[in-house]
Amino acid sequence: MKLSKNISTFLGFDNEYEESKIVVFGSPFDGTTSFRPGTRFASNVMRSESYGLETYSPYLDKDLEDVNVFDGGDLEFPFGNTEKVLAMINEFTLGIVKDGKIPVMIGGEHLVSLPAIKAVYEKHKDMYLIHFDAHTDLRDDYMGEKLSHASVIRRSWDFMGDGKIYQFGIRSGEKQEFEWAKEHTNLTKFSCDGLAEAVKEIGDKPVYITIDLDILDPSIFPGTGTPEPGGITFKEMMEAIKTMQGLNIVGADIVELAPQYDISGVSNAVACKILRELVLAI
Amino acid sequence: MKLSKNISTFLGFDNEYEESKIVVFGSPFDGTTSFRPGTRFASNVMRSESYGLETYSPYLDKDLEDVNVFDGGDLEFPFGNTEKVLAMINEFTLGIVKDGKIPVMIGGEHLVSLPAIKAVYEKHKDMYLIHFDAHTDLRDDYMGEKLSHASVIRRSWDFMGDGKIYQFGIRSGEKQEFEWAKEHTNLTKFSCDGLAEAVKEIGDKPVYITIDLDILDPSIFPGTGTPEPGGITFKEMMEAIKTMQGLNIVGADIVELAPQYDISGVSNAVACKILRELVLAI
Amino acid sequence: MKLSKNISTFLGFDNEYEESKIVVFGSPFDGTTSFRPGTRFASNVMRSESYGLETYSPYLDKDLEDVNVFDGGDLEFPFGNTEKVLAMINEFTLGIVKDGKIPVMIGGEHLVSLPAIKAVYEKHKDMYLIHFDAHTDLRDDYMGEKLSHASVIRRSWDFMGDGKIYQFGIRSGEKQEFEWAKEHTNLTKFSCDGLAEAVKEIGDKPVYITIDLDILDPSIFPGTGTPEPGGITFKEMMEAIKTMQGLNIVGADIVELAPQYDISGVSNAVACKILRELVLAI
Amino acid sequence: MKLSKNISTFLGFDNEYEESKIVVFGSPFDGTTSFRPGTRFASNVMRSESYGLETYSPYLDKDLEDVNVFDGGDLEFPFGNTEKVLAMINEFTLGIVKDGKIPVMIGGEHLVSLPAIKAVYEKHKDMYLIHFDAHTDLRDDYMGEKLSHASVIRRSWDFMGDGKIYQFGIRSGEKQEFEWAKEHTNLTKFSCDGLAEAVKEIGDKPVYITIDLDILDPSIFPGTGTPEPGGITFKEMMEAIKTMQGLNIVGADIVELAPQYDISGVSNAVACKILRELVLAI
Amino acid sequence: MKLSKNISTFLGFDNEYEESKIVVFGSPFDGTTSFRPGTRFASNVMRSESYGLETYSPYLDKDLEDVNVFDGGDLEFPFGNTEKVLAMINEFTLGIVKDGKIPVMIGGEHLVSLPAIKAVYEKHKDMYLIHFDAHTDLRDDYMGEKLSHASVIRRSWDFMGDGKIYQFGIRSGEKQEFEWAKEHTNLTKFSCDGLAEAVKEIGDKPVYITIDLDILDPSIFPGTGTPEPGGITFKEMMEAIKTMQGLNIVGADIVELAPQYDISGVSNAVACKILRELVLAI
Amino acid sequence: MKLSKNISTFLGFDNEYEESKIVVFGSPFDGTTSFRPGTRFASNVMRSESYGLETYSPYLDKDLEDVNVFDGGDLEFPFGNTEKVLAMINEFTLGIVKDGKIPVMIGGEHLVSLPAIKAVYEKHKDMYLIHFDAHTDLRDDYMGEKLSHASVIRRSWDFMGDGKIYQFGIRSGEKQEFEWAKEHTNLTKFSCDGLAEAVKEIGDKPVYITIDLDILDPSIFPGTGTPEPGGITFKEMMEAIKTMQGLNIVGADIVELAPQYDISGVSNAVACKILRELVLAI
C-alpha cells in the first residue's frame, strides 16, 4: 500500500501554499486573558469539528471549492513569554504578506491581532481597521501591562492614528475608554449600524478585519472567556460580512473562541461558519 | 395495599389506546447520524422531564386535559441494522393508521420519519408534506448510502412526487440540493415565510408535518447533533404551529433532539413544549 | 506586615453599611423548588464571578463608583424548615428598612421574595409591586402547600390587594391562574408591553420590583430551574430597567438563577449585569 | 392493535405487587440537604439507566430472573414540608411491611431512611441496623433542626437504643459525634473491618440495612452531594454484601445518589449494581 | 516562505509508512453500540490530546523516539451500513499485514476488532487472541443481530476455535455466556490473574491483543459507553502490558473509549498512555 | 442594625493575622501552563466550597478550632508578565516569614512555588524540600523558557544544591530528567516509599513541603491540567502527611488544582481535605 501521514486542515482549505491566495493559520495564545483562559484551544477544535460544515454558503451563494485556501496549522509558542509570542506572529504574518497572500488568523485571545495587524500595516500604510467586538479594547494599560487583550486596539491606534479605526457592537468598557473613542476612533455602541457607510468611506483602500467573536450575543456564542449579553445576532453578523464583500480586504482574524465553555459545540459551529463566510467574502 | 407497576408517559398523554385519537410513540434510532449521535435518548428524556411542563398552553389557549392522547412508549430496535429498524417503524405506524388514529412520532434522527411518512401515505395518497428543518435533506445518497438522515425528504419525494412537499427554514446543504429543490419542492430559505400561503393551498387535503428541531436557532436549541446558527426563534415556531391549526393533519413527528449536548435541559424543554403545542393543534 | 481577612463582595458594592443607601444581601434558599433545585448557589457565584464585569454601564451611562452600596453577604438558613427561613428574611429586611435603606435581595427561589415584600410593605402600605416572570406564581396552593415558589405573588396579593400588582412576561401557568389574574392583577402575557403606562400610573408612589430571571428567554438565561422558551431578550430587559429609572423604588430582588445548569457562565453574567443596572437605576 | 401504557421499572423488577417478596420504591426528597441538593433525581435516573445492566451477577452467581421483585415507582411529595414527607414514607413502608413484604427504598437524602426504619421497627422490635456511610449522622441537631440528614442515625437510636446499630466506613463528622458513638453504637472508622463479626453477632435476628452510597470512595462514586475522599472501593462493597447474604434482612435502602454531579453516568451504574446485588442478597 | 499542510499524528508516531514496523490507524465506528454511542470520536481526540504526553515511559524505560511508527489517520466510513464498514477495515488491515507490518487499531466500538483479527488471522493461522474486557462479548446474537459489539469474541471463535482465546477482567455478561466460556475459552473473572501463565503457554506463537478499555475500573476510565465498576486498576494494566512484552505480537487494538463521557480528559489520557505502552511493548 | 462586609475565608481559618502562626494565601497564576490552564481558579473555589468540610480530622484526631490560622485571600497579579508575578509572590512570602509565621500557599500552577521556596530559603539556608508530584519538574528549560512549571524543582536546586530535595510519586518526564535526578535529588518513582526514611534523615532541620496535587491518581483527582494515571491514592497521601507530622515544617504549598475540569467537585473536596490535614500537621 501507499499511505501518507494524516493531514488535518479546516474543511475545504486543502490547497497547497504556493497555489493559494489566502493563508489560514492559528495563534493559540491566551496568556494575558484576565478572566477565563482557553482560547488557545480554538484553532485545533475548529479544524477537528469543521467537517460538520458544508462547503457551500446559501448566504453568499458561493462554494469553498471555488477558492484556493491554504491551512498552515498552528504556530508553536513558548509559554509565559508574551513578547516572544507576539514577535513570532509578526514574523510569520510578514512572511505571508511578502509572498503576496492574504493572512487570515484564528486566535487565541485578542492580543494576537496586534502583531498581525502590524505586519499587514507594514505593507499597506493607508490601511483601515474594522473592529467587531463587545469590548472597547482601548485601555492604555491593564493592571500596568501595556500589552494586553484589553489594549489591542489602543496599541493599533498607536501606529495607525486617528480616523482609521471603525468599531462596532461595543457594549463594555470603562467610562474613559468610551470618551477616548469619541476623539480617536469611530465607535458604534451595541450594533453594526453604520457599517454600510463605513464601507463606502473606505472605498477601495486596503482594510484589515478583526472579529472578536464576543461581539455576538452569548445566547448564540457562549464559548468565550468574557461573555457579554446584549450582543448582535448571527444573522446580523452574516449581514455585516455580506456588506463588506466588495472591500479590498488585505488581512483578517477571528479571535476569542474558548470552546470548552460551550460543551454543546454551538460556539464552535458559529466560529466555523463565520470563518467560511469571511474567506468566501475575501 | 393495592399497587400497580410504575407507568411513565409524557405529561398529560395518559389515556388508554382505545379511547385516544392521537398516538404518541418514540423511535430511538440514530444509526446513520454522521456527525454526533445521541438522538436515541430523546423520547425517554422527554418523558422524564415533561413533568416540568404545564398542561395548559397560553399560546393556543387549550389544555391537554381536554384531548385524548395515548403514549405507547418506545419501539425496541436491533442495533446496526438500518433496514430492519425502518421496517419496524413502518409496520407500527401502519397499525396506528389502520385503527383510524393519528401517529405522532418522537425521533430519533430524521431518517425515522421516512417509514412513518410512507405508512401514512399508504392511506392518504393525496397527502402533502410540510417539512421544517435547517437542512435540505435532499441528497440522493450520502457516502453511497441511499437511506440516510440526509436523504429523508428526497426518499419521500420518490413516492410523493413533485409539488407535494413544502420546506421551511432551510439554511444548509450542497449547492446541487438547493438547485434540485427549485424544480421539485417548495423550499423557503432561512425562515417560515410563505407558510400561511402553503396552508391555504393545501386546504383540507391531508398533511403530514415533520419537524426537524434543528430548524430552531441553536441559541434556544443547542441539543442537536448538527447545530446550524441562523435558525428561527421559538416564537416563530409557535406562530407556525398556530398557522397550521386548521389543517387536516394525519401524521406528524419531531426529530433530532440529542439531549446530552445541552446539559441545561433547555433543548428538552423546547422539544416538550413544541410537542404539546403540536398535539393541541391537531 | 499588616493584613486583614479576605473580603468578598459583589463588584463595586464595597461601601460600609452606615454610609450606604442600598443594602444588598443573599437569601440562598431553594426548599420549595419543585423541579430542579440549585438557586441556593446564586448569590455566592455572583459575588465570585462579578469581577468579570465593569463598573460602568453604557446603557445608563452611570458608574457604580458613584453610588454607595453595601453587600452584607448571605443569610445562613436552617435546612428543611421553610417557615423559619421566611421569618429570618422578614426580620433582616425589616432591619434594613427601619434604617432607612433600600433592600436589594439576591435569591434563592422566588418564595424568598414574599417576606422581603412584606417587610417593605410594612413601611410603605401604598406600595406597588412590579413582577417580571415567566410564570404567573398565582396558585393558591401547590400540592397542598400555601407557601410555595408557585404562590408567591398570590400570597403577596393577600395583603396588597387588587390593582397594586403588575405582571410582565408571563407565559406559563394553569388556566385558572390566568383567569384569576384578569380580576386581581394587571397581567401582560409574553412581553413587557405596557410597562411605560404602568410606570406613569404608579407615578411617585413607592414600588417594589421583583425580577424572576426566568422571564428572560432561556437562550440567554439557561441557568434556571424551570426554563421556559419564548421569553424576553436581554435588550428588552435593559429597556425595561431604563423605563423604570424614574420610579420611587423602595425595594427589589432578583431570583431564580441556578448557576450550575449553565456551565458556560453566561446566565451568571446576565444576572450580574441586571443587578448592576438595577442598582444604578435606583 | 392492542397497546398498553408505557411502563418503566428498574431492570428485572417486573413482577406484580401481589406475587413479590420484595417491594422497591423511590423517595425523591432532598429537602434538608445542606451542601448540594439533587438526590431527588436518583430513583428516576436509576430506572431509566438500569437497562445498561445485566440481570445476572457474577459476584453472587444469581440472576434477577429468579427473584420476584415489584417496583412501585416514586412517592409524590409536597415541596418544602419535611414532616409531611416523612409521614408519607412511614405510612407507605408500613403498608408494605404489613403485607409481609420487604421494603427496599431508593433515596433521596439520608433522612428518608428514618421513617422507613421506624416502620420496619414497628414490626420487628428486636431489629438491628447496619449502617454504611462516610458520615456519622449522629448529630443531635443540625443548625437547630432535629430532623436532618446529619441526624438520621441519632434519631434512629432514639427508639432503637444502645448496641443495636453497627456503623461502617465512617470518616467524617464532628469530634463529639465520634465520642458519642463510643458509648452508643458500634462504629468502625474508614473501612468495613469487623462486618463478619457483626453478622455473626446478629445471627438470625431481623436486620435493616441502610447504605449511604457516599461510603464509597468518590473516585468510583462522585455523584453525591458531599463527596468524602478516602472511602471504600466497589469491590469492598461487593464483599460486604456477600458477607451479609445469610442475614435475616427485613428492610433496606440505598440513598444519596445525586446523579447530576457525575455526567459520566458511572455513579448511577454503581448504584444500579449495588441495588441489584442487594436485592439478590436478600 | 515554504509551508506544508498541517499534519496531525499521535505523539511520536511521525514516521513514514515505508520505514515503519508498526502502523496505527483509527476505525471510528459505533454503529452497533446498544447503550451510549460515542466511540467514533476516540481516535481523533486521542491524536489531538496526545501532545500532553511524553514520549518516554518510566514503566518500560523505553522511548517512542527509538521506535518507527506510522499513523495513517482514520478510515472514512459510510453511516448505518455495518457490513460495508467491517469489509473496509478488513481490507485495510490486510494491506498492512501483507506489507509485513503490524497493525495497531484505535476503535471505535469493539465490533471493529473482528475484521482486523480476521485479517491478521489470514496470515497467522496459529494465532492466539488475548482479550481484555469487562464483558464476555460471547453472545451468539444480540437482539437478533449476529454482528454486534456483544458478539465480537464469539465471532472470532467461529474461525479461531477452542483453546486459542484468553479472556481477562470479565465481570459482566449473561449466565449462558459464562457457561459457554468454560468449554471454549480461557476466561478469568474480575482480574488479570493467570496472564503470566498464558504468556508462557503461548510462547513464541503469534498473538493478537485486543483491549476493550472498559476492563479498567470506571474510576480511572469513566469515558466509555457501558461503565462497569469493579475493574482493574491502571497499574494492573501497566503490569499486564509488561508481562506481555516478550510475546510475538502480530496485531493489536484498543477500543471503546468514548471521550465525551469524561470531560475531565482523564480517560483520554489513560487511553493515550496505554497506546504508548502497547506500542513500546511490541 | 450593625453589619460588616462579607468575609470569605477557608473553613476554620478565621483568625486575625497577628494572632496566627500559619498564614494561608492564594497565588492564582497559570501563565506558563502548557497543556490546559485553569489553576488560577483553585484558591477561590476552595474557599467557597470549604464549608462542605468539617473542622475535625479523624485521621489526625485534631480540630482546626484548636489552631490559629489566618487566610489573607489571593494576591492580585498582572496578566502575561511572569517575572513580575514571581517577584510579587516572593515579596509577600518574605513578609510572612519575617513576621515569624509559616506561609502555606495555594496555587496556581507549580511555578508559583519557586518564589515562595526561595523566600523561605532566605531565612532557612539549611532547609530541605519534600516534593510530591507526578512529574519530575527538572527540565533546564521548557521550549526555551527557564521559568516554567516544568522547571520549578530544577530552579530550586539551582540555589539549594545536591542532596536537599526529596521527590515522591514521580511517573512522568523526559529520560534525561530521570537521569539527572539520579545524581542531584532523591527521586522515588510511582510511590511514596522511603518517605519515613527521608523524615528520619531530615530530623529537626527546617523543611518546605510542596505538593503538586497531580501526584494523586486522577481517579480521585481529575481536576488538574495534566492528569497522569498511575498515581497514589488519597489514603496514601493521608499516610504521607501523618508521617511528616513531627517535622519542622517552615513553609508549604499545594498546587495544580484546576477545578473546572472536575464538575463533580471531588477534586476540590480532595484539595480542601489535604489542606486541612497539612495545616493540622504543622
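As written, the chain order gives the labels A, B, C, D, E and F, with residue 1 at the start of each chain.
Just so it is clear, a contact is a pair of C-beta atoms (placed from the backbone, for glycine too) under 8 Å apart; a residue touches a chain by one contact, two chains touch by 3 or more.
Just so we're clear, the structure is a prediction, and the values are computed from it rather than from any experiment.
Novice: By that same contact rule, can you tell me which chains touch chain D and chain F alike?
Specialist: C, E
Novice: Which chains contact both chain A and chain B?
Specialist: Per touch definition, common to chain A and chain B: C, E.
Novice: Tell me whether chain B and chain C, two copies of the same sequence, contact each other through the same residue numbers or different ones, using over half shared as the line for same.
Specialist: different
Novice: Could you tell me the distance, in whole angstrom, between the mean C-alpha positions of chain A and chain F?
Specialist: Distance between chain centres, rounded to whole Å: 39 Å.
Novice: Report, in whole Å, the distance between the mean C-alpha point of chain C and the mean C-alpha point of chain E.
Specialist: Here chain C and chain E have centroids separated by 55 Å.
Novice: Which chain E residues touch at least two other chains?
Specialist: 217, 219-220, 263
Novice: What are the touching chain pairs in this one?
Specialist: Chain pairs that touch: A-B, A-C, A-E, A-F, B-C, B-D, B-E, C-D, C-F, D-E, D-F, E-F.
Novice: State the interface residues of chain E toward chain B in the complex, per the touch definition above.
Specialist: 30-34, 37-38, 40, 76-82, 84, 111, 142-145, 147-148, 260
Novice: Given the complex with chain B, which residues does chain C contribute to the contact?
Specialist: Within the complex, chain C contacts chain B at residues 35-36, 170-175, 178, 189-190, 217-220, 222-223, 226-230, 261-263.
Novice: Which part of chain F faces chain C closely enough to touch in the complex?
Specialist: Contacts found on chain F: 1-9, 14, 16-17, 23, 44, 47-48, 70-74, 95-96, 99, 263.
Novice: Mind pulling up the chain B residues that touch chain C in the complex?
Specialist: These residues of chain B touch chain C: 51-52, 54-56, 58-59, 63, 217, 219-220, 234-235, 238, 263-266, 269-270, 273.
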